[in-house]
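Structures follow.
Next, two complexes with subunit A in common: one pairs it with subunit B, the other with subunit C.
Entry: the complex of A and B
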């Protein structure tokens, strides 16, 4: 067993590794991250995760629900540290996994991966408390500066393979509409389907020839794809049947998915412009890099200034335009707490994924991860639509809109209190005045 | 809150949390109750946004409350998030700006002249001078100079009931914290409730607004005291710099800050309830 594997073991048990080993780990991580572009390309299948915030035991629960590294390919959208009690254990474990399995885990930067923010919101204090000096904090901050700013997921399937029958037969709307393809599925932490949505099948040709290889990570994949649709539906508006060069129903026509921590920036109109940023620095207070890590979608038109006096808000039209120009079908981001663990906005053009259940140990919210399956219909060829080569995508006819990927949300709750090694938080009576 | 053991149902709000019944105690004709539930889900938040006319804080415990009722007189007071937020300035007149706002905006002037509109301006620090919601039939308070009898509250009488209930909290987009929370303790002869609004806008301002409600069960006298304190962030930091303590930790500790912040407003009211 290598030192790295031992470190992983130890961190999984929520025990810290020695300072010298942290230094070495951070050095290796930096060497690895410096080779990554500002926007990392990731192939589906992939499981996309939002904020963790030092909630180590809940991160373990996330791995239990989503599958372990390296079996599952993960993409974490930042905010690993601050607020929770175990920022060090959480971040160092993720970093060890990154160094050990660089192709199976992607880490991008959140606004909390910053010197300034970590001194205010807990990570700095935690380093001092657990290591007795600021050295480890400094090593970690150096790694933060090298984290990528975003990721592009390519080759995601537009249709989900249905999960094995739900254990609990009371779920609603599990009956596929005639000839519909499974677009979204929500599962609880026991792997039971709690809701599903279907969209009309894209093309009128027969779909019986589905390749039923697994499209996404582990568990519960039933081979029967239930889709023996009849070739009558004309599909979503604007998707002419002629667009299709290939008899398979699941031709890769899914746009790419951009993953960033916060959101879009008025300075960034193409994914390529993100690639031009000099990212190896502390998160600035303004500019494109700041916006990507800080901005929020809102129910407005165009761009707006946050009432706080710094930071942008962007509306559905901005997302739609950005996605269209870049051949994207979805922006996945984190950054904002959502009670249900995920929240889709703007007709599914953007989704917020939140992966810290019972946030700050008191909000009582559930968390979610987003699984995108692999499109296996095209013999592994991936339609490039990441803005790099334009949208010269053979399968997309003129005027066609890209179809969003099938999205499977696994919702989970906070780890049971007894695994946390600390008592449930109960208010202690005190003689306050 | 051992909220986390029950399986999640996608439907109802209450179902996602251990249905923790309101806690309560009845003593000498008074009934004191509290309820703690998880933050609101998307739909209730949307509803609240419409009713309030402002975006609610990030963590909104809309189902939580603390209530004191006097059965005979029908007098009652409760503390809840909606009413507290309804008292937040919704016009943007008392709007603060984060520390690096100037720097941020000047950098934007050239590149993005088009984007000038501040989206829905309001006091996003969620500062409220909320002193509680009186029951509809309650007789109003009268002004008084009489202080809350601190000496009686410093005695180590047994605490029969205690709870701490957060009503809302916002991280001010990682520029500090705003939090409204209530604490209540009930002793055999009296109770004390403290509702505290604490706001720290990093490098700008620290603000504390306390509402204390004191009830003497024997005399049925209720005293309500409101006290607002605030000070610029840098001044506070300088005052604290003379201590040998950990400054960042102090800046998060409302109790310690309360000792150094100057009072900007204070007044008291009282009422004696009918027997």
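Entry: the complex of A and C
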């Protein structure tokens, strides 16, 4: 067993690794991350996760519900640290997994992955407290500077294969139509379907024969029946988290999905513009990089001032235009607590995914992760729109829009508390000495 | 010992015979460096003086027969004067607004959007509410300059600042500070009756501040207000601070008029500080003690192990030296974590009652004669080496655990009897330069070791790509 595997084992048990090992880990992580572009290309299938905020036990619950690394591909949209008790354990574990399985896990930067913010919201205090010095905080902050700013998910299937296990009495099916595509499915932490939605089967004249069901059934990414809660997955997951997105733009019904922590920026009208940012720095207080990590969608038109004091508010028209120009079907983002764990806005043009259940021990919210399945309709060839400006023009005929991917939300609650023992009291801050 | 032999200083009241100009309060703290100027301002001195005055009043009193009188919540031993009762009416009228603006039941994020409306209603009615509950002659106290505002302009600013942010749907210690200033402003304007030392102060704490805190808790629960800029689990409490000060005072050893505030020990029979980690002890004590009352609210709103969601309070509960020790620490911590923190005090407005002007006594030259004669803002620290200009934020050697260095030179030897809690903080030697970011959260700051907003250190140690520019924004909400 390698040192790295041992570190993973130790961190999974919620035990910290020695400072020297953190240093080494952070060095390796930077070497890896420096090779990634600002916008990482990730192939479906992938499971997209929102804020973690040091809720280690809930992160373990997330892995139980979503499947373990490396069996499931993950994309974490930042805010690993601050507020919770276990920012170190959570972030270091994710970093270890990144170094160990670089193609299976993608980490992008949140607004809390910043020196300034972590000194205010707790991660700095935690490092001092747990390591007795700021060294580990400094190593981590150096890694933060190298995290990608976003990711593009390619090759997601437009249709979900029904999970099969449902809670019959509570299932709210919007349109159980015979010939409908299963567009969204919501499962609880036991793998039981709690709601579904369908859309009319899309039959563009030019690709009418491409009914995916008749050619190649979508790969099963669903949970096994029963309620073990650990989904069974078949086949080799497509990966490619480290590849930069310069794939050719070819036909695809399902538009690409842009993943970013906060949202859009008035300074960014194309995904390519994100690629031009010099990201290896502390998060600035303004500008494109800041906005991507700080902005929020809101029920307004155009752009608005953000009450956060950084980033902007942006309306549905902005999202619609951005998605259209970039051949995107969806923006997935995190950054805001949503009580139901996920929230789609603007006709499904953007979704907030939040993965910290009972946030701050008191919010009473559930958490969610978003699974995007792999599109195998083209005989296994990944059809992609790569999110580049204007590339979608030749692909989509007039009147056609890109179809959003099938979205499976797995909702979960905070991990049980009873397994956590009470630790010894630590020395108090010097105010009390 | 000082010639006056007393360890208590009270916030001075205005003299109606001296012409005074009120000033519509405005923001002065725009950048993190401005906090240093705040810490030597008259406003800072007044706030700290008032806080300590209230704190002292909450210590149990020694009685002639050798027993002691404590001051629990709900005690009959504290009488409420007419102004106190009027303030209680004010609080209940503010509370009534909750019924008028019920929380929105629609899909929502955490903070309830109806709180914005609640805030608007409060702002619309604030003048009327103040007029109903405060004496007209107090509100209408004129400026010497006939064109100047009346006292109402200043009182209203602090009143309105006391109820969280309708914009951000949050609440924090900055809002609590505003309420403290509102009460201190009334005090300065002679809005409370003259009485024996401590009598009116106790009534303010038990009769106004504790109900205010209860009302805040109702607001937080009703509108699910978020903590305004917290250290997460690593802060003392998501929203409040002063109940920990007054609550620890309630359980500290008894004093008499001439006694200094005890720095350790507990009132006989006081609950064990370790009780905060035990639900049944909290349930028992929260009815009578402000510290446990605050902890009880944490139990109400948080799920999970206490040591995990409240590690600071958990560790403090292990202190063996008694509630007096905890009280002293809480005051120091308030000075450092609330009054010295840019994100907290940046919104505090300054007028005439809380003046941005420099307190001439704040940085008296070392070892001057007047240090021991006449009223002064705070004891002069002989070896302080205070510069006459507000120090720019500099960087501490921040690579050690706070508690690791605490015993080694940063703590003051016992001060003279008049030592205010901040005096110890100011004994910290000049900060050493270092290329690392400081521990901004633990060093008791003061003018000598100014607390930095998180980004302040970037001036000493430029961050990659930071370009050395001086940021002017807050470490933002959320």
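Simple rule for what comes next: the second predicted complex is superposed on the first by the 347 of 433 C-alpha atoms of A that agree within 3 Å, B and C clash if a C-alpha of one lies under 4 Å from a C-alpha of the other, contacts with A are read in each partner's own complex, and residues count from 1 in each chain.
Assume a residue touches a chain if its C-beta (ideal position, glycine included) is under 8 Å from a C-beta of that chain, and two chains touch if they have at least 3 such contacts.
Please read these numbers as outputs of a predicted model, since none were measured by experiment.
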Exercise for the section: Look at A:53 in the shared chain and tell me whether it touches subunit B only, subunit C only, both, or neither; answer first, second, both or neither. Expected result: second
Practice task
Check whether A:305 is in contact with subunit B, with subunit C, with both or with neither, and answer first, second, both or neither.
Solution key: first
Exercise for the section: Once the structures are superposed on A, label A:133 by its partner contacts, choosing first (subunit B), second (subunit C), both or neither. Expected result: second
Exercise for the section: For A:85, decide between first (touching subunit B), second (touching subunit C), both and neither. Expected result: second
Practice task
Using the superposition on chain A described above, determine whether A:261 touches subunit B (first), subunit C (second), both, or neither.
Solution key: neither
Exercise for the section: Pick one for A:287: touches subunit B only (first), subunit C only (second), both, or neither. Expected result: first
Practice task
Could you tell me if A:121 is touching subunit B, subunit C, both of them or neither one (first, second, both, neither)?
Solution key: both
Exercise for the section: In the overlay, answer first, second, both or neither for which of subunit B and subunit C A:365 touches. Expected result: both
Practice task
Considering only touches as defined above, state whether A:333 meets subunit B (first), subunit C (second), both or neither.
Solution key: neither
Handout entry: Footprint overlap on subunit A, where subunit B in one structure and subunit C in the other make contact
Key = 117, 119-121, 124-125, 285, 294, 307-310, 336-340, 343, 358-360, 362-363, 365, 414, 417, 425, 427, 429-433
Completion exercise
Seen from subunit B, its contact residues with subunit A in the complex are 1-10, 16-17, 37-42, 45, 58-59, 92, 95-98, 100-101, 103-105, 107-108, 111-112, 114-122, 124, 150, 153-154, 156, 159, 162-164, 166, 172-175, 183, 185, 192, 194, 202, 248-249
Completion exercise
Residue set of subunit A touching subunit C in the complex reads 53-54, 82-85, 115-117, 119-122, 124-126, 128-129, 132-135, 137-138, 145, 278, 280-282, 284-285, 294, 307-310, 336-340, 343, 358-363, 365, 414, 417, 420, 422-423, 425-433
Fill in the blank from the handout: Listed in rising order, the residues of subunit A that touch subunit B in the complex are 111-112, 117, 119-121, 124-125, 186, 188-190, 194-195, 266-267, 285-287, 294, 298, 300, 302-313, 336-340, 343, 357-360, 362-366, 411, 413-417, 424-425, 427, 429-433
Exercise for the section: Quick one: which bits of subunit C touch subunit A in the complex? Just the residue numbers, please. Expected result: 107-110, 167-168, 224, 227, 229-235, 238, 277, 301-305, 307-309, 311-312, 314-319, 325-326, 328-330, 332-333, 336, 343, 398-407, 410-411, 436-437, 439-442, 444, 454-455, 458, 463-466, 471, 473-478
